[in-house]
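The structure under discussion appears below in the form of structure tokens.
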Amino acid sequence: MTARSISRFAAPDLADVPKDVRERIEAVQEKSGFAPNVFLALARRPEEFRAFFAYHDALMEKPGNLTKAEREMIVVATSGLNACQYCVVAHGAILRIRAKNPLLADQVAINYRKADLTPRHRAMLDFAMKVAARSHEIEEADYEALKGHGFAEDDAWDIAAIAAFYAMSNRLANAFAIRPNDEFYAMGREPRR
Amino acid sequence: MTARSISRFAAPDLADVPKDVRERIEAVQEKSGFAPNVFLALARRPEEFRAFFAYHDALMEKPGNLTKAEREMIVVATSGLNACQYCVVAHGAILRIRAKNPLLADQVAINYRKADLTPRHRAMLDFAMKVAARSHEIEEADYEALKGHGFAEDDAWDIAAIAAFYAMSNRLANAFAIRPNDEFYAMGREPRR
Amino acid sequence: MTARSISRFAAPDLADVPKDVRERIEAVQEKSGFAPNVFLALARRPEEFRAFFAYHDALMEKPGNLTKAEREMIVVATSGLNACQYCVVAHGAILRIRAKNPLLADQVAINYRKADLTPRHRAMLDFAMKVAARSHEIEEADYEALKGHGFAEDDAWDIAAIAAFYAMSNRLANAFAIRPNDEFYAMGREPRR
Amino acid sequence: MTARSISRFAAPDLADVPKDVRERIEAVQEKSGFAPNVFLALARRPEEFRAFFAYHDALMEKPGNLTKAEREMIVVATSGLNACQYCVVAHGAILRIRAKNPLLADQVAINYRKADLTPRHRAMLDFAMKVAARSHEIEEADYEALKGHGFAEDDAWDIAAIAAFYAMSNRLANAFAIRPNDEFYAMGREPRR
Amino acid sequence: MTARSISRFAAPDLADVPKDVRERIEAVQEKSGFAPNVFLALARRPEEFRAFFAYHDALMEKPGNLTKAEREMIVVATSGLNACQYCVVAHGAILRIRAKNPLLADQVAINYRKADLTPRHRAMLDFAMKVAARSHEIEEADYEALKGHGFAEDDAWDIAAIAAFYAMSNRLANAFAIRPNDEFYAMGREPRR
Amino acid sequence: MTARSISRFAAPDLADVPKDVRERIEAVQEKSGFAPNVFLALARRPEEFRAFFAYHDALMEKPGNLTKAEREMIVVATSGLNACQYCVVAHGAILRIRAKNPLLADQVAINYRKADLTPRHRAMLDFAMKVAARSHEIEEADYEALKGHGFAEDDAWDIAAIAAFYAMSNRLANAFAIRPNDEFYAMGREPRR
């Protein structure tokens, strides 16, 4: 892989990509100013691209009690655990923006226990990290702990499902060596006002 | 959870489930004689249900060099690593049927290194298990090892993607305590002829 | 090792084996319809054979509060932890028969936390698994937990001793690549009446 | 447990112990000047006592290519890995005496890679430690490595069997909190002449 | 700890701190525009402060073959492994500045195997990470690997000593909950020219 | 490295070593009857030598609530965890002497949970071992547990700092293969009066 490649698999020529896939890439490019490499990498497989982003949207964009910043906290913490460079860098940027906080993403990625978290967010990440690292040990007591912090049953589902989805995503990005776009590193770092 | 529940989350009433989701469940029920609990559990969230099975089909049902039995070997081996009762039991049944081999699933689930595998299958599972357990350490040498056993670049993608998809699926089944249907345990155990 | 060998060490010719060892093998063959490979493998070393089965009988066949099914649950759970194909397959069969339950062995081998267990059996396996995995951390609190579920002091000894004996047995079977006999896989799988 | 107890289980009154068990204890007491606590602890269960020491003798006292010092090196290294205080202290003493080396036991218990070992002994302990820690990963290559240092097939069996036997013994001593006799600590520490 | 505290231990009043310690703090404050919290936290213990920074300077500021950027790469990679928020954030800033590279620190902290590294730097970090994580397994082969990339004996010492010093530093910062100054997060992030 | 070398790095000629470093070595040699190899090994780097021993003295020799024996208990327990032969052997000797107890060092090095410890010392080592092994998980609850056994805030600092300093020291001794002097093994082993 050359330093500038998007992944160890070559990106497809966008001209050869099905229209719906190309349009989604163009839409994100227009909105963000660049096409995140995970879009280009997965475009090699249009069916997988569609399912991946449909799943992503169903968890990350849908209405629900968890704020978008909370969902990104789950992504960044579990991606740090899995040593996934792409997801920590890309979702770190999104978390900084959504939480309007330039510090939180690095804190959560390195050691969420030392991050500036409310007890509620600490409980949320304890649960998410257990799903990521030792899901076979999840028991009712873990759900009870969430309830003690005001999370509803559907919130628990959301936390687990996001942690599980990024368990997949981290493995894809790691195995395919998807490179984070340079643009992500500096996004959202301007100090809070 | 009572012993007979399908998961720690209640299954939705099928009458309340969107038509496409219900039809997919009815189709598998008709084909298999029962509705696998993962279908009922995920039906609580139709968007996630659709994305999950679209992704599943894109990896497990599509044409490609890997046989369906080989794909199930990846599922069973990595699900054993993740201590996922649902996936080992359900996909163990499918593997026995697809490989026409009543012994292979238990062997692979417990210790794939001791299973009756060709060197090619051993290499396939070495790669899949590394994606499942330590994807951040995957390097070009791992791809080279696959090539040495005749796997093409797209086969490597498939192996990694299946291991990654079941990393998600295992965490969902573990976190939600999805119970394997009793029917799976005995399927495909009749001796080879 | 060819696929059909009993182990990476050749089995001795039964004609060359001491009479008491041969008679024990013939007795189990008569009772079960086949000679389990662990008997054939260890017959290479008659002194070790005698000590191994004397120890086995002292723990698994003796009177005591633990039922035979409970003892086999300990064997299957800890052998799953140790990824011992021989012991999971062989004792899985025995557990299905002794517990008159075709599902329990697979459940316990993959993830005992998700198995259909009473709280008493869960406590028993928590203790056994700690002996198997981290015996240096066993403390009085672990014994107290057992007592809280009605286990007597001698029951605690039995649980620990069985977990310890199969820590040995698993390592022998793994190191010697003892192959489970094909017959074990399907035994005891007929549904409960 | 008081500091001076032999184990968390009370030792039986020797008057109540079967004659053969008592005689074995008296013989070792006569030879060593004290009864090692593992004898007293296991005497609570005569059948297990007999099987344990019969197995011990079949591996540790029998003729064979491995010297008695080599066998004790395996015990001390694997017992260090398992954090078994009784076995490291007791067999450390025996190793010092059998190897006529006051330093080797502590070296091997803490980090066998840094001990004063020949390449042959290093290979022996590499194999033993893999049996102790990850026996499910033992493969033919591990046996080949032993052969490269002159170990015969039966020597490999011995190394594996000793490592496996002390996997059991370590777990018994840890779970039962068998206390090493004070006498062991200082035995064999006089400098080499 | 309030979010703005420097650590779980209160910082001393600088007026009460010995003159040499205070002067060192004032010097770094003048140079950087702020006093890094590790200086304030350790000032509670002047003797330890002096020894810590003397050691730091002997490894990080002294002449030698390793560039200052290379030394910081070792700090950031091993601090990521140890989940040390203070050291990753603070030394990440220094690495960005010394390497004149706004991306490298985040890459190395999350997964050095996927960072934009020369083979020489990869070998340097492989060695450093082994010292950090499994120093008891370091052998001559690890030194040989370094030599193969042109590192001299004294360079190997430097790499090991820096990894070891930050093994200490990471544990101090983690145990004392030393908070990275907010200023570090954004330093050195301007794009390369 | 020959068996008798002090480390994989040659010791400097003492004639070439700065006067203060040489004098410190001569002083310890006079007091102990031999120069511990860590002094000779680090003399290769006078600046690091000075900082190392200044730090050592600031933690191990200064006044404070922890007795010198307690400090050595922390060193031996954490050095056992890190499989550091030099530190376990050398500080084991010092602990035997300072605690006037010939058994404690071996007990603590192998498994501090089974050592003859007061509850206060057990709590002290629980904290130290967590700093050594998983400092990123240290939280206020760990400090509270210490307070429950009468440790003051500054005692907690001392325990953490000693564990952290030997995390460094263990890695240096392991990476440099510093050999424990033969004299240490037998020191302090005469029975208590």
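Read from first to last, the chains carry the letters A, B, C, D, E and F; within each, the first residue is number 1.
Simple rule for what comes next: a contact is a pair of C-beta atoms (placed from the backbone, for glycine too) under 8 Å apart; a residue touches a chain by one contact, two chains touch by 3 or more.
These figures come from a predicted structure and were not determined experimentally.
Colleague: Quick check on the contact graph: shortest path length from chain A to chain F, in steps?
Modeller: Contact-graph shortest path, chain A to chain F, evaluates to 1.
Colleague: Could you work out which pair in A-F, B-D or D-F copies the interface of B-C, where over half of the contact pairs coincide by residue number?
Modeller: From the options A-F, B-D or D-F, the copy of B-C is D-F.
Colleague: With chain centres set to the mean of the C-alpha atoms, which chain is at the far end from chain E?
Modeller: Centre of mass proxy via C-alpha means gives C as farthest from chain E.
Colleague: Taking each chain's centre as its mean C-alpha position, how far apart are chain B and chain E in Å?
Modeller: The separation of the two C-alpha centroids amounts to 44 Å.
Colleague: Which whole number of Å gives the spacing of the CA centres of chain A and chain D?
Modeller: Measuring from centre to centre gives 51 Å for this pair.
Colleague: Measuring centre to centre with CA averages, how many angstrom lie between chain A and chain E?
Modeller: The computed centroid separation for chain A versus chain E comes out at 28 Å.
Colleague: Taking each residue of chain F in turn, which ones touch at least two of the other chains?
Modeller: Correct list: 83-84, 111, 114, 136, 174, 177.
Colleague: Draw the chains as dots and join the ones that touch; what shape do you get: line, ring, star, complete or other?
Modeller: If you draw each chain as a dot and join those that touch, the picture is no line, ring, star or complete graph.
Colleague: Pull out all the chain pairs that touch, please.
Modeller: A-B, A-C, A-E, A-F, B-C, B-D, B-E, C-D, C-F, D-E, D-F, E-F
Colleague: Which bits of chain B are touching chain C when the two form their complex?
Modeller: Interface residues on the chain B side: 3, 80, 83-85, 88-89, 92, 102-103, 106-107, 109-111, 114-116, 174, 177, 179, 182, 185-186, 189-191.
Colleague: In the complex of these two chains, what residues of chain A are touching chain F?
Modeller: 111, 113-114
Colleague: List the residues on chain D that touch chain C in their complex, please.
Modeller: Listed in rising order, the residues of chain D that touch chain C are 1, 8-9, 44-45, 47-48, 50-52, 54-55, 57-59, 62, 82-84, 131-132, 135-136, 138, 140, 143, 153, 157, 160-161, 163-165, 167-172, 174-177.
Colleague: Along chain C, where are the residues that touch chain F in the complex?
Modeller: Going by the criterion above, the answer is residues 136-137, 139.
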